[in-house]
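Look for chain A in each of the two complexes below; its partner is chain B in the first and chain C in the second.
What follows is the complex of A and B.
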């Protein structure tokens, strides 16, 4: 087994032993179930909680309501939980000093970053697929989804945005060598993207579009090609942050 | 020489932690690196491992120059940090297997080498995860991982400082046994530890090497002096011998006498017999490393 695969196996073992795999399965399966379930029961719940005699003319829920729940729950709560779960990937090792012995045994510094990156992506992909597949199947069971456009493409936009946020967290976590450092950087970047979004015409390239535009893409109000530049900017920014993490860690004093 | 440190200076901001340090370590020796806490011992070790950049100067390990951030020269090194930290979910055997993969050890060698080292450090019967280990067990596992790839140089940073007497004795005996296959460079502020197992000693004081030599050479700084104890109190013995022309002084419960040649020694024994002084013990006077260090620091 090569050094890279050996360290990747350690990352995997660590994530399993620290219950990250179990938590990911449970949390993201639950989110997947919640999306159509919430859409289905919301009118019933609202009727129950309204004062007696009140007449509510709520439209019957559709597949769109289920996917709107997906973009609310997965893009916000799901992404936040994922970042919290993986926000100490580097800082824990740097604070405790567990990497020192392995680095002095010849472990390449780039191997540390790239294996942690790959493991994060594996878990994000697992989280995304779990939520997406459960939401898709459950929604198909209740409603007709043919009224929606670009279901897969719209969901993949959130997936790509999540990758960027994870890389930013990894960079902050490595740079500041503390869990709070990584989280603060991530929160800072997200706030910056929202502030940028206030200015006119920035929606043509702002990565935040990958998070906010998919619901409109589902009803055909946003064409997929309009998200091409935000997609490229997101990928480019992700690569820059990943290279920045590699370069910084290469010269980090341990 | 397995290690050559030439004019190494290390600054943290304006604070100069190492000042033009020169140090050479011969192969297959146990080299003690002594100095008070904060003298700069760990900083020099981290520079040797490429974990910290030097401000100026060069370090070579087994002929390979050390470059900050690179790991090529670490192929020759085994390192035991002062507080070794491991992945708590692994057992000792699993952790050594990970280390074997990292050091790119041939698969055919791994199992036998790991068992050999677990036997050496007394952890072969331990099946529990590292999270349950005592400080001493972690230190022993630390030595096992450091010796795994048969390094030319074993660097240990204060390996005994936080251990109880039994743990200390175990570690010192393992380090001494390791000398047969590697060079041991270990830092300590416990001078008696250095005295027990070292062939050579260097002392770092305020960032400067103030001496480096063979331990035996340092201990033999007191030539032609002998330490006597008698069946009567030393003060009483001195008063009986006071009119003799020897250089004599009291150290603790002993009488230290300067006897420069064989004739003087024979004559002194006759003088003792004539005065009815019965010897309890006699030894060549050797200074403890601690005394040498204290004198140098004065």
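What follows is the complex of A and C.
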């Protein structure tokens, strides 16, 4: 256990020293501020830039617009930046060979994967909470949020999907031992999910629903019950990929 | 003029943190570029321009892709 904690501490120090903590903090608070800001300023900007005489009937922005911005910014740009930041977690050490010394000194191989996984989850939680809390505060300050349903539940769907994407990146990164390998696998998986989404009747289980359904959930068009199976599928796939990473790393030649 | 000022004050809660984060990040990365003159590609002038003039995206690109390791690679 002390070995595990020691390695976790090493991961933490490494992420702080490589400016990951700073970048996560700044990027995700900025995304959090930009969500309500974009929602509020868009109608004003549209009016200013339209040619004279154009009559625009833009409705006043509501809390829903702010949260729609959250789902398009955080789950696309936010997730992309997060994956970019943490896509070299394994490959950097494998390329440089820094793990070999530790492993020959008796560090368990599963420790490496589990600590990196935990560290990624910690950062993803931090990123998610920052963006969510900032957006929530601004939205509550400017608009009435009582028109929305399941604000917290809808946001947690994106969080769970992010965990799956992170685990897939970790697996690809360990398997191909290069930064681009992990990214390519992740992009491949997301594209595959979109292709699956084209076929009818897949929305009952497709994990991508966790990304596309929350905006509809806010206005009450999708019942939370419908997301139970996508949620379980996401969790199951995540655990399978995590076990796959552990098994693969056990046999990997360094 | 009065309407412009009102407009400005209405958005002040957004503008202050955004400006602080963007300028802080730009200045912090510029200092980092100057003090660690090792990059994976490009040179100091290019990175300074990227970091200072491409708001927000520039510093991220620098820290993810451009920052060299301490041993000069």
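Everything that follows uses one rule, which is that the second predicted complex is superposed on the first by the 253 of 254 C-alpha atoms of A that agree within 3 Å, B and C clash if a C-alpha of one lies under 4 Å from a C-alpha of the other, contacts with A are read in each partner's own complex, and residues count from 1 in each chain.
Throughout what follows, a residue touches a chain if its C-beta (ideal position, glycine included) is under 8 Å from a C-beta of that chain, and two chains touch if they have at least 3 such contacts.
It should be emphasised that the depicted structure is a prediction, and the values quoted were computed from it without experimental measurement.
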Touching partner for A:37 - first (chain B), second (chain C), both, neither: second
Which of chain B and chain C A:103 touches, first, second, both or neither: first
Partner chain(s) touched by A:51 [first = chain B, second = chain C, both, neither]: neither
Which superposed partner A:251 touches (first chain B, second chain C, both, neither): first
Chain B versus chain C, judged by how many residues of chain A each one touches: B
Touching partner for A:59 - first (chain B), second (chain C), both, neither: neither
Contact residues of chain A, present in both the chain B and the chain C interface: none
Chain C-facing residues of chain A, complex: 19, 22-23, 26-27, 29-30, 33-34, 36-37, 40-41, 44, 81, 84-85, 138, 141
List of chain C residues in touch with chain A within their complex: 7, 11, 13-14, 17-18, 21-22, 24-25, 28, 56, 60, 63-64, 67
Touching residues (chain side chain A, partner chain B) in the complex: 1-3, 6-7, 10, 13-14, 17-18, 96-98, 100-109, 250-254
Partner chain A, residues of chain B touching it in the complex: 46, 49, 51-53, 68-69, 71, 74-75, 77-79, 81, 83-87, 89-90, 98-99, 101-104, 142, 145-146, 148-149
